[in-house]
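The structure that follows is given in the form of structure tokens.
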Amino acid sequence: MINKIAPTLADAVAGIPDGATILVGGFGASGSPHDLLDALAERNPKDLVIVTNNAGVGERGLARLMKLGCVRKLMCSFPRVAGSTVFEELYEAGKLELELIPQGTIAERVRAAGAGIPAFYTRTAVGTPLAEKREHREFNGKTYIMEEAIHGDFALVRAKYGDRWGNLTYSKSTRNFNPVMAMGAKCTIAQVAKVVDLGALDPEAVVTPGIYVDRVVQVGV
Amino acid sequence: MKNRLNRCEIAWRVARDIPNGSYVNLGVGMPLAVADYVPEDREVIFHSENGVLGMGPKPPDDQIDWDLTNAGKMPVTLLPGGCFFHHADSFSMIRGGHIDICVLGAYEVGENGDLANWILPDKKQAPAVGGAMDLAAGAKKVFLMMDFCSKDGEPKLLPRCKLPLTGVGCVTSVYTDVAIVDVTSGGFVVREMIEGVDLDYLQARCGAKLRLADNWQVLKTPKIDLPEVKQVPPGVAAAKRA
Amino acid sequence: MINKIAPTLADAVAGIPDGATILVGGFGASGSPHDLLDALAERNPKDLVIVTNNAGVGERGLARLMKLGCVRKLMCSFPRVAGSTVFEELYEAGKLELELIPQGTIAERVRAAGAGIPAFYTRTAVGTPLAEKREHREFNGKTYIMEEAIHGDFALVRAKYGDRWGNLTYSKSTRNFNPVMAMGAKCTIAQVAKVVDLGALDPEAVVTPGIYVDRVVQVGV
Amino acid sequence: MKNRLNRCEIAWRVARDIPNGSYVNLGVGMPLAVADYVPEDREVIFHSENGVLGMGPKPPDDQIDWDLTNAGKMPVTLLPGGCFFHHADSFSMIRGGHIDICVLGAYEVGENGDLANWILPDKKQAPAVGGAMDLAAGAKKVFLMMDFCSKDGEPKLLPRCKLPLTGVGCVTSVYTDVAIVDVTSGGFVVREMIEGVDLDYLQARCGAKLRLADNWQVLKTPKIDLPEVKQVPPGVAAAKRA
């Protein structure tokens, strides 16, 4: 029998080593897998590379992981929001490396990893500082830059419902980056508000098919 | 100039230029107000980069659902016919040219349509770009909402942007507190000016050459009072919830 | 008010000119927009380029369009199935140009058009005759080929439900190529079994958001 | 050789080599039979390129739903936990390396793991490739199901394929009517042979050098009768429905 359900948060994040590249779902606090991040912080790993959209707010989740000094590098589009004080202090102290990537380019680069596409061309960021060091190329008279896939060792995502095959559905706009990050890692770990029976999710409405998911843990609503 | 438009009045004017049936993305900040002024005889579908089409207005305080937020991380609603999708799909819509109009703020705009709106010099704080470069490169039309000059009175319409760019040759029109300026292959063309302002006034405050459209008009809006701001900053609200 | 509902099939396919490139959903007969194709055949256009997976079976839909001599070129992955006699006769008589593309590469190239990606790299077909004339390039020690986006002037798709904003949902495996083709064209036309009221479709389960759809026509169940 | 395995018996043997929890894509034709022989203590999730995960067996004739078909365009069912998705998502799973095993037929296989299974020479008919190249390039393991020799007695295991390739260096193992052969960096290695066959027998019918695995075993299956074929060919059925 296939059973991807992890009994505890600690089981869910087991085996994440120092130096891992971790894709993290969510858009700010919306859909952020806070509980998985907190559980990961308990393990106190070092030198993590985090790929996500924002840089954590308050003291939980990603902010906590950063505050504990677990994160070497952050790849994101928008690290600066009200409340991202942990990030700001570390960044200004030169204790955290930042790679800024346009939001849609993060999404497409991670999707590319999941879809077996090593690189693609995009018009986003052409002519800007974020296009520096990128290969430029013309198609049909317009200039594009090449962007390469971003592969994760692990992905941490948050969904509303999950089943033992790893199928996931989300709630409203908390979906955001979660299904994309789920595609792009070798091992995807999902926290869900509720584990449901196999067959309970509408097969027409499953957003992340279980093929992308390795572990599911229920953390309550 | 005492009858300069406030940001709600600019938003009102931008909304007049959004045709029925348009798919529109509103940048975080000032542009979000545009949604409040869509003429009643038009249906406009608002896209939010975090995976929403058919975004509706802010809910009443007692109906806030933190699972349904906009690009500014503030609670919104969903209109009948709206739907949700993930970030790769959301930015496919943007990058793929399916958004008819996006409305953004700006630090500078070049007469060649270049846009600078993401980073200021000499700041110690970390840079942040979000979806601005995707929108600038992908939307069919880019409308800017901004004051004609900076708070220090410096021109924001320039021959070429001096700040690092967000996008190249992407700006369609600039909606300001004193005028509407279109970006054309021949440079900036003033389409509308508020009462009491003339081309000389604008030119004196503009870094680039301005032309006046043959069929220019007076820029008129109803008088709209700015709302009292009592919102909790989004980061704080989000942190609270987390 | 937005109203994408076309009253008749003839209205739905109006304006499709000679020489158009048309993306057609479906996988064999499954999910094929037969009624739209038949309505298009009524217009008897010339020199069409059709991008789809198969080459039509029997006498309806794509087979009919080909039999009438409307199709100059077919871009597909699997033209040869039992019952694709119209295609076979035309092909063997040299009256139809065929460009064979691997199935997943068709899907990704059309998705790329919809997503603003002019080109991407894939491992599919490396070392095969279908990689000839393709740019080859190494990423991380493996060889890939470059594939360019396939843009349609029109897309014809079939869905189960649609609303006046153009939102679509599908039935089971008839979904197949339809949502992909819907993304990749300047004008997307959908035949649906039933037009429903705005708001009747579950916002979590809309598969093709209306932003990709220009016309919807109901053709009964 | 009278005790050669028939295609159901080969399918039975392939099914033994599919671990619990695998995501498996079965090629059209002979490989589809593998689904019938998954050991009862294992759960295997079948992927169908046309957008199905968790594909179940053929339905009874009175429960056929033509909206739910497999890559061969024949009616199937969906298991609890199954779901639907579109073609770009389906081939992301394939190209992205998420399919653990795909089982394909083959015309030829090279000792370097090259596969030829999509086009025969000197045919007037149009070529057709479907998803074979995507699967060959993308699946983590490629199992082949085929007879050891062609119907004309020609070797199908060769130093290098002579036919146009489907994929390069992609084949993991070859399941045939007389032996199971693994593709290794040192070439073909016989893992199992049926009773009454030895390496000389196989080598005489193989174009490439065969080695015998140290721990080779006898290839045994239960006796399975071939089903009577009464199916309507898929194209005809589809045309009827259309």
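In order of appearance the chains are A, B, C and D, and numbering begins at 1 in each one.
Throughout what follows, contacts are C-beta pairs under 8 Å (C-beta built on N, C-alpha and C of every residue); 3 or more make two chains touch, one makes a residue touch a chain.
Note that the structure is a prediction, hence the values are computed from the model and not measured.
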For subunit A and subunit C, the touch-path distance in steps comes out at 1
Out of curiosity, which chains are bumping into both subunit A and subunit B?
C
Between A-D and C-D, which chain pair is linked by more C-beta pairs in contact?
C-D
Specify the chain most distant from subunit C by Cα centroid.
B
What whole-number Å value describes the gap between the mean CA coordinates of subunit B and subunit D?
56
When the centre of a chain is set as the mean of its C-alpha atoms, what distance in Å lies between subunit B and subunit C?
36
Averaging over Cα atoms per chain, report the distance between subunit C and subunit D in Å.
29
Mark out which residues of subunit A touch at least two other chains, giving numbers and ranges.
108, 111, 115-117, 122-123, 170, 172, 203-204, 207
Multi-partner residues of subunit D (at least 2 other chains):
78, 84-85, 88, 91-92, 94-95, 137-138
Subunit A partner contacts - residues on subunit D that touch it in the complex:
20-21, 23, 43, 45, 47, 53-54, 78, 80-85, 88-89, 91-99, 137-138
Subunit C - residues contacting subunit D, complex
27-30, 32, 34, 53, 55, 57-61, 77-84, 87-88, 91-92, 98, 100-108, 110-111, 122-130, 170-180, 207
Quick one: in the complex, what on subunit B touches subunit A?
48-52, 65-70, 73, 78, 84-88, 90-92, 94-95, 114, 119, 124-134, 137-138, 164-168, 233-236, 238-242
Provide the residue numbers of subunit C that touch subunit A in the complex, in ascending order.
108, 112, 115-123, 139-140, 142, 144, 148, 169-170, 172, 202-205, 207
Once bound in the complex, which stretches of subunit C touch subunit B?
1-2, 111, 113-117, 163-165, 167, 183, 197-199, 201, 203-204, 206, 209-212
